[in-house]
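Shared chain: chain A. Partners: chain B in the first complex, chain C in the second.
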Partner chain A sequence: MMNSVRIDAKDLHYTPLNQQIRAAVASGAKEIIIDNVLGQRFIGDGLRGDDVTITVNGVPGGDLAMFMSGPTVIVKGNADHAPGNTMDKGKVIIHGSAGDAVAHSMRGGRVYVRDNIGYRGGIHMKQYLEKRPILVVGGSARAFLGEYMAGGLLIVLGLNSLSPASERGIGSGIHGGEIIIRGTVDENNLGVGAKQQPITNNERQAIMPIIMDFAQVFGIDSSCFRTDTYTRIIPASARPFANKYTWE
Partner chain B sequence: MEWIRFHCDNMCGIIGVIDRRRQLMDGSKIKEALASMDERGSGEGAGYVAYGIYPDYKEYYALHVFFDNIREHKVPLDNLLEKWGTIVHDEQIKTYEQPGLRKVHTPWRYFFRPDPNMMPKSTTPEEDIITHLVMKVNSERNGALIFSSGKNLGVFKAAGWPEDVANFYRIQDYQGYLWLAHNRYPTNTSGWWGGAHPFNLLNWSVVHNGEITSYGTNRRYIESYGYKCTMYTDTEVVAYLVDLLVRKHGLSEKMAVRALAPPFWEEIDRMPPKEQELNRAIRLTYGPALMNGPFAICVANENSLVGFTDRIKLRPLVSGESGDRLFISSEEAAIRRIDPDVEHITMPRAGEPIVGKVYS
Partner chain C sequence: MSIGSTPLKFKVRIDPERCMNCGRCIENCSYGVYRKEGDDIRINSRNCVACHRCLAFCPRDAIDIEEKPGDYRSHPVWTREVREAVFNQAKTGKIILSGMGNAKPYPIIFDRLVLDACQVTNPSIDPLREPMELRTYLGKKPSSLSLRQMPNGDVELLTKLTPNLQIETPIMIGHMSYGAISLNAQTALAKAVSKIGTFMGTGEGGLHESLYPYQNHMIVQVASGRFGVDINYLERGAAIEIKIGQGAKPGIGGHLPGEKVCADVSCTRMIPEGSDAISPAPHHDIYSIEDLKQLVHSLKEATEWKKPVFVKIAAVHNSAAIAAGIARSGADAVVVDGFRGGSGATPRVFRDHVGIPVEAAVASVDAKLRQQGIRNEVSIIASGGIRESADVAKIICLGADAVYIGTSALVAMGCRVCGTCYRGTCAWGIATQKPELVARLDPETNAVQVENLINGWTLELAELMGAAGINSIESLRGNRDRLRGYMLDEGLLNVLDVKTVGA
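The block that comes next holds the complex of A and B.
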């Protein structure tokens, strides 16, 4: 393919690696494949270009696709902390697990993680007008899922036969957006400011195309998703800490 | 969002590996793994500890000392050691000049046999003599600092980047079955040779990413048992707490971690009665040993490697397995730097230890 560029990242620091990625995009490359990635941080950060696809072969370092606006990043391996940090537009698709603070402060676009995520997934995701970020996790999430969430949509499916969200502090400090968990959630695990409700038919219809897209990307059997039960976790109020930090 | 970022990935880099069959590994790969996390440090402190490196002197305590000045400060230490036992052998630790590292101390090693008759009242006289000497020398600050005091192990550290410190000591020339390494990003106190990790006392070594905000409470508690905190940083308190809880009080490593990073009261309230009783007892007995604040810690002794994080997981820690080896690190990529085929990459739950023990 004419517009394809291959980069060998073996023992390459992230600065020259990102310079090569940017140079490739500037010269019109639409497909960039990076081999032998091992721990390089900040891959694709601040990158623009809606029709660019970057494939990362290996285990990248933290803050993958931070501030990215447009491209698709496909990781063939696990990711470290905060992939999709403050990402604006585009997609991050992780064929593995990811560390803590996945989709940290994300503004738009989608992050799909096939397996599990660490603590504080979706921390402070936000939304504004047409910008609505989406994080979908195939496996399970650790504690403080959706902490301080201000907007966006977070879905955890629990496909690896583990409970999708069985740890404390789910939606702790949530004041916008929604968290959808396949199955039920122990009330004890809800954080301060979060409440749960069964999903309505309309809400189920609204998330189904997203789940189907996720299943299709990773080649997962999607037959059960339409009939499964889901729990929806939303803010109990728009200002969960109104009485904690201010007095009116 | 700087404060959230700080909570999520900052800072310091940790890597540890234990070979359960005690097969030796030289330090070259550990150096590479630690250097791959240079981003986590600031060039103001790095260090390594290796177990199994002194087989010819394994029955003696290997004391590693930083001297400010050999001529003035060595003789008083020699005299002190001769008073408490026998210096079997001593020599300068070989170092190799590095452009990026200023040699402000001269590292020295002693192989030392304490005289148990010097502490007739103690049931563990040798260990108590070593602890006493370490506390005395390090608190008097007389141009000598004992930064490593175990048997058949040694700490190698300095103020510098991981690769510079490794090359300064030629860490690849040492062969150990258990390694810990640390890359420091000092935040609350300034970086210096003694403040670099690992921290060691007897056979305990500790590396730590984060900060222990309960340091004041923990320090008062541990000093009431005769330990002295002298390194201007919070991590040394962990080494002493582990020594007290495991060596002195006989707790298992798992129970010690439970005391240092216990479950929350509301979690205890939901446990079955027997577990409730145990966890209540631990929290009540060891309240002042509870460590607050963000941390990921690895602790080692001659038989085991233990990793754990604070109770709400404000610092990263992953583990991996490869045959007889258990790896623990801040980053999966650092582990893969040593062994690309590592399996079972896992993230231990907050406050729950991951333990690797040698087969015995």
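The block that comes next holds the complex of A and C.
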């Protein structure tokens, strides 16, 4: 098919790899499959193309889809640190786990991680008008989840009998957006500036289509999600520094 | 109120002999000093910050502003500033927020350095009749060139060159964000740099649409908050600058208070209106020098290796070693921001006490890079406390390729260095987002003033070079032999690698 391009990334540095991806998009490819990916950083960095799907077979290196604006990247494997870093638009779907700072400063689009993520997941995600980034994690997240969050939605489901967020610093410095954790969260694990409250019915209804989409993408049994308990973590204040200073 | 009132910072007087009761002072003061009562103009001196807006617009020179009219009992240790800071914090228990640059009377190294001139043994050059080369290229220079001679005698360059920024004068304008300063102020600066053939920084506030026509003269900044950063922004900039630190507040992040995040600022920064814009202290994807390399490369990769990437650090004790790491990160220039660098809002304790002077930092960075044989890998841009053309000449002698100016460009637009930028009520329309104040600053006329300033400095720089018998900025760079230290101690002379006067 003309619209489909296959790239062999074996022994290929990230720059020529990205050049091949850009060239494929420029020539009208809608489906790009990259085989033998082994640690190449920056795949899809700054890439545009709303209707382009890139399948990564292997394990990409750090900053996957950084600054990306539009395409969908599907990783058949784990990902390194910071997939979706400062991403603007599009989707990153990881059939595995990812490292630290997943969705760092993400501004729009979605990142789905089927399994677990490292430290500082969703750090400093932000939102503006219709741009509301979403990070969904199927398994568990390490400490400082949603640190400095300024906007967006972060959901951790704790599937496979894992505890979704059992380490300290959750929402540390959060001043916008919301973190939804399936189950309960130990108050001691909340960071400075974060508070938790039980989810309301309306809020549950609002996130359900996103969770259903996540379940469908990874073929997960979704029957329990509608009735499970969730915890919602939000900022204690949108102006955490408002009372810190006095004028000289 | 056990502390009660403290003496006035400023005393405002109107000379009744000269005042014609026109009320321009009332209109112009944005701090509420003046008010009309009946036919009289009344004064509340306590509100005065000495921004001189009233004085500048009084048609009769009737206004007089006196600093510190009421004395404390003088004491060399318990200065007025120290006592007032104690009063302030005893009342509030908060961090004292300040504006502009370092306000402590530390000795200024620039003022203890003197430049050389030719006498008899080598002739000086008259820039009026001889060409003076001030054009500078910022970015990596290859350590060697490989060439191939063609059969027809032409020579082909085989070495692949990396993109450089070409500036017609080694003076650029540093990063002052939309948010910290007004759009009219940024527009004036943008018009000036475009006309001159130099560059300005956007700061971490995104790039407003109305500045797109000047984008070829703008360096876009990526700081820890990543505000306004998307691929469109990165592609528009002539270069990209990663902000690690700022000379006015090394080691801490920044935050734009929600009051300053109006609709337009919110749109450019891409954050909700009225919310605090918080830039964390570190970049949370840079926890090591290896991570810095990754961010540099990610920006280059995103923009297809077409743009130089700068890294800006605050001048601190270990700047030289840090700069050596930056030079190996793939960055094209390192910006060294000294402790006199300005700021719209900075904790006073950081402004006055953290960091080192740019003169010492640049000299040691330049020396370290030369020692390691990597000086060609990065250009050095000096910023923070560059006040006049002599400072530009001196810092270039100490190893800088170019400078960023900030405060002096604002002064060219009327700023009186009152240091209350953090209040957001700048009467000159510079450090404010209030539409009625912003409208006071006309981008056209102010662009001319900024252009005049840079042109004036450039002429002076050419004269200084000519007097020293130097006709190219390349020959001034790192040329410590044309500097002498006057009353500097031996340790500092060694750091600067400069001899004392008379030697």
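We take it that the second predicted complex is superposed on the first by the 240 of 248 C-alpha atoms of A that agree within 3 Å, B and C clash if a C-alpha of one lies under 4 Å from a C-alpha of the other, contacts with A are read in each partner's own complex, and residues count from 1 in each chain.
Simple rule for what comes next: a contact is a pair of C-beta atoms (placed from the backbone, for glycine too) under 8 Å apart; a residue touches a chain by one contact, two chains touch by 3 or more.
As the structure is a prediction and not an experimental result, all values here were calculated from the model.
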{"item": "Greater residue coverage of chain A in the superposed arrangement, chain B or chain C", "value": "C"}
{"item": "Which superposed partner A:A242 touches (first chain B, second chain C, both, neither)", "value": "second"}
{"item": "Touched partner set for A:S69, first chain B, second chain C, both or neither", "value": "second"}
{"item": "Touching partner for A:G109 - first (chain B), second (chain C), both, neither", "value": "neither"}
{"item": "Contacts of A:G39 with chain B and chain C, given as first, second, both or neither", "value": "first"}
{"item": "Which of chain B and chain C A:A82 touches, first, second, both or neither", "value": "both"}
{"item": "First, second, both or neither for A:G90, with chain B first and chain C second", "value": "neither"}
{"item": "Which of chain B and chain C A:G99 touches, first, second, both or neither", "value": "first"}
{"item": "Partner chain(s) touched by A:R142 [first = chain B, second = chain C, both, neither]", "value": "first"}
{"item": "Touched partner set for A:P164, first chain B, second chain C, both or neither", "value": "neither"}
{"item": "Residues of chain A contacting chain B in one complex and chain C in the other", "value": "41, 62-63, 81-82, 86, 101, 104-105, 120, 123-124, 148"}
{"item": "Contact set on chain B toward chain A in their complex", "value": "1, 4-5, 8-9, 36-37, 39, 266-267, 270, 312-313, 316, 318, 331-334, 336-337, 345, 347, 349-350"}
{"item": "Residues of chain C that touch chain A when the two form their complex", "value": "85, 88-89, 91-92, 94-99, 225-226, 229-232, 234-235, 255, 257-258, 266-267, 270-272, 274-276, 278, 280, 284-285, 294, 297-298, 301-305, 347-348, 419-420, 422-423"}
{"item": "Contact set on chain A toward chain B in their complex", "value": "38-39, 41, 59-63, 78, 80-82, 86, 97, 99-101, 104-105, 118-120, 123-124, 142-144, 148, 167-169, 188"}
{"item": "Chain C-facing residues of chain A, complex", "value": "14-15, 18, 22, 41-42, 45-46, 48, 62-63, 66-69, 81-82, 85-86, 88, 101, 104-105, 107, 120, 123-124, 126-128, 131, 147-148, 150-151, 173, 175-176, 238-248"}
